[in-house]
Amino acid sequence: MLRMTNISKRYGATEVLREVALEVRSGEVMALMGENGAGKSTLVKILAGIEPADAGTIEIAGEPVTIRSPRHSQAAGVAYVAQELSIVESLSVAENVFLGDTDAGLFRSPRSLSTKARPFLLKVGLEQVDPLELAENLSVAERQLVEIARLLSRKARIAILDEPTAALSDAEILRVKGAVRTLADNGCAVIYVTHRMAEVFELSTRVTVLRNGRSFPSIETASLTVDTLIEHMLGRKLEQMFPARATRMGESVVELDQCIGHGLLAPISLSVRRGEILALAGQVGSGANAVLRMLAGVLPVASGTMKLRGAAFAPHSIADSIAAKVAYCSDDRKRDGIFAVRSVPENLSAPALDRVSRLQMISPVMESRHTRGIAELFGIDLAYLTRLAGNLSGGNQQKVALGKWLGIEPDVLLVEEPTRGVDVGARAEIYRHLRSLAERGLTVIFASSDTQEVLGLADQIATFYHGRMVRVVSAESSTPESIVRDVIHPTLAA
Amino acid sequence: MSIMTDVSPSAARRRSVPRFVWVIAAIVALYLVAGVITPSFATFDNMLVIVRAASITGIVAIGMSYVTISGNLFALSAAALGAFLAVIFALAVGHLGFAAGLAATLLVAILAGMAQGLSISVVGNPIITTLAFSTVFRGLAALFSGNSIVRIDSDIALALGTGRPLGVPTQSWAFIALALVSWALIRRARLGRLLVLSGANPQTAIASGLNVRLATVVAFVALSVGVAIMAVFTVSQFSQAKADLFAGYDFDYIAAVLVGGIALRGGQGSPLQAALGAILIALLQNFMLLNGFTAGLRMTVVGGLVLLATGAFHLLQRRLR
Amino acid sequence: MKVSSRSADLLGRLGLMLIVYLVFALHLPSYYSPAGVAALLDSAVLSGLVALGVALTMIAGEMDLSVGSLAALAGILAVKLFPIGVFPSIIVVVLVCAAIGALQGWLIHRIGINSMIFTVGTLIAFRGIALLVSGEKTQLVPLEDIAATDILIGKFGIFSVLSLALFAAAALIFAFTRWTLWGREIFAIGGGRSESRAAGVPIRRPIMIAFALSAALAGLAGALLSLKAGSASPLSYDSLLLEAVAACLIGGISLKGGKGSIVGVLIGLFCIRFLVTGIAALGAPFWAQSLATGLLLIIVIVAEAIFAAAAGRFRLAMRRPAPIIKVPA
Amino acid sequence: EDKGVIVAFVPSSTNPYIGQWAKGAQAKAGELGYTLKVIENNFNQAEQDSQVQQQLASGEKVAGYVWWPFENAAGVGSLRALSQSGAPVIVSNQYPIKGTEAYWTAYAGANDFLSGKTAAEILLDACAKSGVKCDKGAIIRFPAGVSAGDDRATGFQDAVKGKLDVLTVVPTAGFLEDEGYKVAAQIIPANKGQLTWLYTENDSLAGAAAQAARENGLVPGKDILIVGGTCHGDSKHVKNGEIAGTAIQSGYWEGWMAVQALGKFNTQGKVQDGETYLADNPDAPPADSDPVFKYNFLPNPAVGNSQAAYDAAKMWGKSADELCNF
């Protein structure tokens, strides 16, 4: 049904996909697997017309097609459920089901749409939802199901589902599985992107693995076991990337006692010591980030207590946590990590303006001393100091986003995905710098969905699955396989 | 490590020509072309005339650039606020004398700026919010003036309004000084930095512990102070204030900011660009005036220039990304 | 369930409108006499038509600031075209304006520029063109032919041709935004641009339609009013934008796009009309009108923003655990 | 005694001239025993039209209407509607459009043609007296599209035809000093050595032009003659001789005479055909017993350009200072 060949894609200088091939037959479910950042979403976005490919050809039912926009893709019979939700909150559920669907006719009344939408909602188990209800009142899981209902409503030859179950509970996942099976049984070619092993084995006929932007020939699912699949995904290891672990650690600096917040289903208790690096390992939506956000004052703590350096700690805003010498770096560098249109020194001094100014005026001397200090500590080439942050490579942008926090001499550094979108070389450097900071007494807590990073960088690892903390283990006693099991299928690991 | 490699030639080529260079180039080009077409144009005297014509608009445009740089697009209330402040200044000078009148005007300006800044940081749409404020300010101007001309009789004010130290009008001195001071403040003051960073990326600014709300308030206070300076100069020059002063000026200020190439997404550009934009428009207006262009044609040309400049700068920026 | 909370919102606004109405009706008999009501309806035609268009662009998450200048230009054109007949002239002008608006929308989408910035430019330029086309003079329908425009002042009970035109336009726009794919697309792209794109909504079409309708309605308003008056000035309609935007905002059109209803726009419109007309009819000076409109608008948008923030927090608290959490801005 | 309500429709009193007009009208209405209701619009004819509709709809019995359109031509519909109510309608300030005579009872107000003509006379007179060579000059006029600007310019140009040479007519963007200065400060240096006179349509603009002339080394009254023709705003430049002279155009008296005309009609019950200029008696306003004509014009008494002349100037018992510096 579908044949994609030699698909390549770059973002700036980063090569995300390189001569990737994917082939799916009618009536089959093709699982697309790979570590975070492997390029799965990018590949399906190209097919869905959201992103243009740099090179490569797409054939559908034997005919070469050009896909330049989501409309082209739809016209070619492709339906797509995005990894990031594409529900318009201000429209009704029924309208979201038929969003972008021109076949439903130019004229539509809320009632007729609602009648038309009901069977599809039923199929994904949303029978209790009023089709006229606004989508903004739906939970994230319900929204995800509405998207799947949308996919079902399209008479698609090819259906793409990018991590459709990341936000769902087990009961809801059953519905999705049922829907996917129906699709396949009706002759649709299904591409199913997921991190959950159980789904792969239950649903798919074949698996295509992407690793570092390259594809490997597809494998019959029946010939795989959980372990062999994990091996395929991880590929060769890069152990030399990581610095040695902590030699000495101090007293407990951060303590969480039965804390629960938005995104967590069970209370969390943790304790992190001075000089320690703690990894919160988990997939997107596992709740790992929620812990960081509670500590950063971004996410209110619903119940439980947090302690910092032995004293109660309840920040209400980022400014509060900064004042308490807790720095937080989110996983979206572009959104809230850097000032792309400002120079590197301005980025580096942003959280510490009081340290570079005198009498309310910025002192160029102090600022240059400040930024040079950080640049040296964090290995930012001094030649970059005259550039705009947005013009740096991904790796250097990340160094800026992290490094700016050194200016406030924090005790605790909270980082989400410390090396997202950063390539191998810069990655190793960032690990080295984080470790040397820890050695100087900083406590680092990072959330990551990258197994190698978790394993290589951390002293302790807390694994998360589906809003719950699975366990806390020392990095020494863990293996990539054990971590992957914990974060994608804890029951199998038990 | 790969990051230690030098700038690649393509990356070096990608570095942009600063926008103010484009504006200066346009000013020089227009000056030369106009000078050839109209002999009376390219004289030193006429240059002074142009700078003088740009001064009053320019002073407010400089204030407006703070708003734009702080990421708040622009305000539609400057003209109405100007009328209100002019009336306040005239009344206050009449009752309290020049110095106290000046202080009172500045105080009211700052309060007006704070009220707008705070509302905008809640509402989030500066254009609509200031549109609403403009009717309030115009109403207050009418209320306070009692629908009469408010006259002042102050020699200091007259000297301020009509003086020409070294042959250059006070307004032009103020314009030039304000442009330089504002530029220095944006570059060097801590509040200026706060403004720039908040405009560059408000989310990063919040995540860096910066007070973005304060930045919005500061920007609108800066604009109000610019407006107050304009009002004080105008009242001083003609020794009177009325409620319908400055009607229809708002678009001149915005045009100056846009033609100066200040990026509307915020966080970029400098008050100097607004000043240059004001000069470019004054130059064009002067040329058209001397060549007998009709009012309609003048307006169409300026509107066209604004469209051209915003479109061109926008595309220039997009290509660089 | 949410449908009812939406109507609750509209009811609240209706309540505000009725309060304003009652306050003045207590003092002004013309607020309930048939002729008075007819006059009130007539007074809403100009800003009402424009508000409908502005509402569409706001719902699409954009903003058309150029409507006042375009209405002036349309008035000039309509009077110039008067010799071809009243209705042909209106139709031609509306079509021309729709084309101009579609072109604006196309450019805004093509260049990817903020529409407020773009339409500030066209706001100045259209006014200039109006001055150029008119030779900077008020354009007159020849006085001897003015009877031909009488058809525009015909009355049917409390309705005039003009107010019927407003309600007809409102009904059409209402139906369009509610029951057609193209209309719903305007809501969709305003509620979530990238979400809609991912779902396959062609972004360009709703943008062009919203701007085309906005321009066409501004053109209709300008043409109708100028022909009715028998003259058009290139400088007219410059305070139109404020009233139109105020009507939209008081009527609950969201500044962020995607939300609002045409019924709300009408409610907002009459809220403003009742207020402004009432203050003027009481003989209050201009500053009172000005202060009242400005303050009402500020109070409504600030209150709405605060309310929205609170409601957002409430929703977040009520929602079941969700994995995707954004840093609140 | 209570003679009923007069309703006046005027543009916004944020314009001080209109503010004066309303005061004058109010004063006369009080004197005659009427109650005056002033309905203002924000310089917007459409708004005024709806106010007229609203007023008519109220069914209120009125003693008469005074109508000052924002846009004369655009307001004909309102005028007609007012006339159909049966109450007398006095048009003020804007010279009525030809063909609308049936819709109004009388016009009572300024005559912008006359204003231009008076300015031309003042200028020509000054040319003759001062010995300044008068040939080329410029007109700085009200914004494009403002009909008073058209009328004044026409009145002026008709009066100077064959005597003076008009180099250019430049519209400002407003009526006040700042706008006048903007234009004059650019026109004067560009035409240096050529301009011998400037006509600016009012004294606010003239004062600003005088300032601009001085700044360019031209002494007003010696090197260049400047005339505004209607006193408006600051009289300083007239008193110190920089402006060649002026004429009183009083908003106060215009409003006053509009109400007076209505009062006359209501008591006398008839209108005489033709036009009249009310006498410019310095000491007393015209009597209520005078007949009312179809066109009643406000006189524009000329005022000399010195402190003494200014101090001496009076119209209808009020000093020039009172009438001009509002």
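The letters A, B, C and D name the chains in turn, as written, and every chain counts its residues from 1.
Assume a residue touches a chain if its C-beta (ideal position, glycine included) is under 8 Å from a C-beta of that chain, and two chains touch if they have at least 3 such contacts.
For each chain, UniProt lists the protein as follows: A = Ribose transport system ATP-binding protein; B, C = Ribose transport system permease protein.
If you're wondering where the values come from, they're calculated on a predicted model, not measured in any experiment.
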item	value
Farthest-lying chain, centroid of Cα atoms versus that of chain D	A
A-C compared against B-D, more contacting pairs	A-C
Centre-to-centre distance between chain B and chain A (centres being mean Cα positions), rounded to whole Å	44
Length of the line joining the C-alpha centres of chain C and chain D, rounded to whole Å	36
Two or more partner chains touched - positions in chain C	131, 134, 136, 234, 285-287, 289-290, 327
Residues of chain D touching at least two other chains	12-14, 143-144, 171
Sites on chain A at which at least two other chains make contact	330, 335-336
Which pairs of chains touch, using the document's own definition	A-B, A-C, B-C, B-D, C-D
Residue ranges of chain D touching chain B (in the complex, touch as defined)	12-16, 18-20, 22, 143-144, 168, 170-171, 173-174, 176-178, 181-183, 185-187, 189-191, 207-208, 211, 215-216, 233-234, 236, 325-326
Touching residues on chain D, where the partner in the complex is chain C	12-14, 37-47, 49-51, 53-60, 71, 73-77, 97-100, 143-147, 150, 171
Chain A-facing residues of chain C, complex	1-3, 6, 178-182, 184, 187-188, 190-192, 194-202, 254, 258-259, 315-316, 319-325, 327-328
Residues of chain A touching chain C in the complex	48, 50, 69-71, 73-74, 80, 82, 84-91, 95-96, 99-102, 104-110, 130, 132-134, 136-137, 139-141, 150, 166-167, 262-265, 284-287, 289-290, 293, 298-299, 330, 335-336, 467
Contact set on chain C toward chain D in their complex	28-30, 33, 35-40, 42-43, 46, 131, 134, 136-138, 140, 143-144, 146, 153, 225-226, 228-237, 239, 276-277, 280-281, 283, 285-287, 289-290
